[in-house]
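Alright, structures below, take your time with them.
First subunit A sits with subunit B, and in the next complex the same chain sits with subunit C.
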Partner chain A sequence: MTRATSAIRAAVVLLLLVVVLAPLGILIVTSLSRAWFYPAVLPAALDHSAWSDLIFDPAHRAALLNSLVLGATTAVVATTLALPLGRSAALSTRLVRRSVALLAFTAVALPPVALGAGLQLTVLTLGLGGTITGVFLSHLVPALGYLTLVFLGVFTRWDLRLEETAATLGATGVARWRLVLLPLLRRPIVEALALGFLVSWAQVALTLLVGGGAVRTLPLDVLAMLQSGQDQRAAAGALALAIPALVVLGASRVAARQTAAVVA
Partner chain B sequence: MNSSRASGKRTALPLLLAGALLGVPIAAGVGYTVAGALGLVGNAAPGGLLRVLDDAAVLRSAMLSLWIAAAGTGIALVGAVSLALLFAGHSRLDAIARSTAALPLPVPTVAAAVAVLLLLSQSGWFSRVAAQLHVIARPADFPALVYDPIAVGVIAAVVWKELPFLLLVALSLQSLRGDALTSAARTLGASPWQTVRLVTLPLLMRGMAPSIIAVFVFVLGSLELPLVLAPSSPLALPLLIQERRQALDAASRGDAYVIALLATALALAAAVAHEWLRGDE
Partner chain C sequence: MSRVLDVRDLGVDFGSTSRSGLRGLNFGVDGSDCLAVLGASGSGKSSLLRTLAGLQVAAGGSVRVKGRDVTALPPEQRSIVYLHQEPVLFPHHTVEDNVAFPQVVRGVSAITAKQRALEWLSRLQVAELHGRKADALSGGQRHRVALARALCAEPEVLLLDEPLASLDPATRRDVREALQAVRHASGAAMVLVTHDLDDALAIATHILTLGGEGQTALATPDELLRHPPSLEVARLLGVYSEIAGVVRVHGSVSVFDWIGGSVQTDGMTSGAAIACVRASEVDVVPGDERNAPVLTVTERRNGAHESVLTVRNAEGASASVRVGSSVVADAGTQVQLVLRHARLHSIR
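And then the complex of A and B:
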């Protein structure tokens, strides 16, 4: 590698650090700012009132809790349903595999505003309009799409010989799942739970349409605060949205490394 | 007999599961949108396809949304491929570059939009820096980078959010492919640039095509980015659908379902193209 190439690479990394970290930095500073008037580059004083409001204000806390409950429930239910679906499709014929993949990608690709318009009427017909259950059902659709694609990918490359060997050695269906499949699937399951959580955690359009404004979540609160000019609170809310997402990504990477070590 | 029964079960089970879990909600969603377009549900009058296609506001909205999706995906793609080619090695710098670039991946779109607004608006941080440097005298002197007609702010947020995904796909393709083909090209006398242009890039583009379509469709349908950063005239397509659905006259509400159906048709075409390009991985 020439000296010029090394210099270019170092400069690109520096630029990358600035571009990636600047948006996160501005959220941190704004969320802690007080009396930050134009054209000051830094706030005159710092305070944590936006963060206190986020946690202690009953309305914001309810929105945060709704987001957490929706994210966790969507993650668990979508993973539980997508795993057998992805596995059965991957072990089936090519046509079935591709049909299921097409359906799963459609669930992901449909514009939320278009899908949500239809789902809103469906949920209203079921008597679940404006309820957290209705919003959960709507979040489940794209989450199932993403996770079916994940498990389809996992099981398309799956080596069946381990299960067959376990069966030959007398392992029952339950024992094969408990002793062979689940330990090997720990990494994809953790990643699927993380992805399922994030799909619901970041959802705006479906919550807005199906919840009809009655179900408050953190992303909707952030948009409302931004539109009412509460930049400090909106920044705190945006960071509160980003932090669990970054933690979930980090945790799934750690879990993946641990699983790799266990499997090795 | 047993073998054909097992084979039938292997085919029927995934189809039944997929039909119940994915097909039913999609069909219900699309079905109700069709019914809305026909004025049967949703308190709407029948929407007119020709009226919608002839509506200049719809055309301008579609053009803005297509521009945002194309420019955002294109810039993210160029950035991702460049980074993948520059930092595919095993040094510490390569690892730092890859980890840094991947950081925005899980950040929710709303958070990215708020951050871009705080940085790029006319009273945002870059404007403050320009004012401190006496480049501008007041916020209005700073170029409009959000709510602007060419949607610079939205495109910046798209690139920040989507580049990491495309980078991970490019890196994964490079690692799966290995360096046998590039080594062969170099052995046959190709220069490093020729190897990149004639071997690496075509292979990467072919492998990345489904992901590029996925990003394009995702950006096209995104509500939150234009809601925070895009101009109010013309409205991005998802916002136009929302606006017409909430209109007072029933005809506009019917038209909203027709526009939603057109967006759905575009997404379905993209889904088919995605599966066709993806092959049987």
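And then the complex of A and C:
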């Protein structure tokens, strides 16, 4: 490697760090300062009231709780549905595989507003408009799309001989899942749970359209605070939104280390 | 007493291919016996094993294990263990846990399961590997561990799908020895799929050949080599020269004439025939010592154990004959070939 190549590589890494970390740094400082205006390099005084509000204000706490419940439920339900769906599609004929992939991709690729409009009508018909159940169902659609694609990929490369071997060695269907499939699928399952959570956690359009403002979530609160000029609280909320993504990244890496390399 | 594995009129489909499959298979295997299934590529050998194991549905007929009809049972209830060509070990388990797996799924306590696993690992001479992960094993070690695991399941029937294919010579020898030991030690009925006659001869007590849409022969290795029932089976065994000639019947005596002379036979009708002759049944005589046509060697192709001589007579007719590799007869030399034994198959 030449000196010029090394320099270019270092510059690119530095640029990436600045692009990723600078907004994060500004958010952290903003969330801890009551007033921080140009041309001051640093805020005059630190203040943690925005974080206290986020945790202790009942309205914010309810929004945070809604987001957590929606994210966790969406993650678990979407993973539970997508795993067998992706598996059966991957092990089926090419036509079925492609049809399922196309449907899953449609749920992912449709603009949230277009998807939300369609889902809003469906949810209203079911009498679930403005309810957390309706919002959950709307979050489930894109999450299921993403996760079906994930598991379709996993099971397309899956070695069926592992299950055949386990079966002829005497393992029942339940034992095969418990002792072979689930341990080997730990990494993709953890990643799917994380992805399902994040899809719901970051939803704005679907929550707004289907929830009709009656279901408050953290992203909606952050949006509202930004629109009303509450920069400090918006920054704290935005950072709170970023925390799960970082946790998920860490959890995925741990799961990756613990998982056998059969399903890469 | 019923045989350990008893297959009656079994039909086997060829999976995703459009061909219909095998029909009317009938064979049985006793405990500690090994049936080698020989067949060309695509003849349905692996499909047969998968059907016996319950990994694919039988297209008719029945499979019985010690008298119990298992045809409709799932794989886990058949007491038939199937070993893939490449040993499939669970990558998230150690060698010991892999081998203990069949005991664990049976509900045996972890301590007992591990004890039995260690016993089988010891019998297969790989006990020292017990703590290793599967991906840290060599090819031969993987085979031995997979065999130990299969035997730890205490199966009535052990199915081996080309276990010696694609192995280097040293590993092949190692695995072959392990299989021979397993046959005697386990008491299970074994079915071994192979396309290699040497493997079949080394391990099997009986040989089943597949061709067309069914079985073409079922015999002991000796019987099959002495009297292959058809030219198709002889070709499958791959150890014979095919020498074209004519059978002439003179009263009660029939004689097979070929470019190298005549061989007395019996039980044949007049007409064109192919003689199947093993290399060890051909005497090569230099010059013109015998009362037989003199042939000119036009080509010699050497193999590890035998050579193939292409010979031509004075009229220009030629034949290819397998001979021992120690035979001295290079291209250009004149020889006489004496067939001490020939299995004749009429050409219709």
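Keep this in mind: the second predicted complex is superposed on the first by the 259 of 264 C-alpha atoms of A that agree within 3 Å, B and C clash if a C-alpha of one lies under 4 Å from a C-alpha of the other, contacts with A are read in each partner's own complex, and residues count from 1 in each chain.
Assume a contact is a pair of C-beta atoms (placed from the backbone, for glycine too) under 8 Å apart; a residue touches a chain by one contact, two chains touch by 3 or more.
Everything numeric in this text was worked out from a predicted model, so none of it was measured.
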Checklist entry - Given the superposition on chain A, which partner contacts more residues in subunit A: subunit B or subunit C? => result B
Next on the checklist: Is A:A11 touching anything from subunit B or subunit C once the two structures are fitted on A? First, second, both or neither.
Outcome noted: neither
Next on the checklist: In the overlaid three-chain picture, which partner chain does A:A245 touch, first (subunit B) or second (subunit C), both, or neither?
Outcome noted: first
Next on the checklist: Quick check for you: in the superposed arrangement, does A:L103 touch first (subunit B), second (subunit C), both or neither?
Outcome noted: first
Checklist entry - A:L65 contacts which: subunit B (first), subunit C (second), both, neither? => result neither
Checklist entry - Looking at the overlay, what does A:I55 touch: subunit B (first), subunit C (second), both, or neither? => result neither
Item to check | First (subunit B), second (subunit C), both or neither touched by A:A214 | outcome: neither
Checklist entry - So, does A:A35 touch the first partner subunit B, the second partner subunit C, both, or neither? => result neither
Checklist entry - Thinking of the overlay built on chain A, is A:L179 touched by subunit B (first), by subunit C (second), by both, or by neither? => result second
Next on the checklist: Under the definition above, what is the set of subunit A residues touching subunit C in their complex?
Outcome noted: 159, 161-162, 164-172, 175, 179-180, 183-184, 259-262
Item to check | subunit B to subunit A touching residues, read off their complex | outcome: 10-11, 13-15, 17-18, 21-23, 25-26, 28-33, 35-36, 41-42, 83, 86-87, 93, 96-97, 100-101, 103-112, 114-119, 123, 125, 127-129, 131-132, 139, 160, 214, 217-218, 220-224, 227-228, 237-238, 241-242, 245, 256-257, 260-261, 263-264, 267-268, 270-272, 274-275, 278, 280-281
Checklist entry - What part of subunit A is in contact with subunit B in the complex they form? => result 8-10, 12-13, 16-17, 19-24, 26-27, 30, 38-41, 81-82, 84-85, 88-89, 91-94, 96-122, 137, 140-141, 144-145, 148, 153, 156, 198, 201-202, 204-205, 208, 219, 222-223, 226, 231, 234-235, 237-239, 241-242, 245-246, 248-249
Next on the checklist: Residue numbers of subunit C touching subunit A in their complex, please.
Outcome noted: 53-55, 74-76, 78, 80-82, 84, 88, 90-92, 101-102, 104-106, 135, 149-150, 153, 159
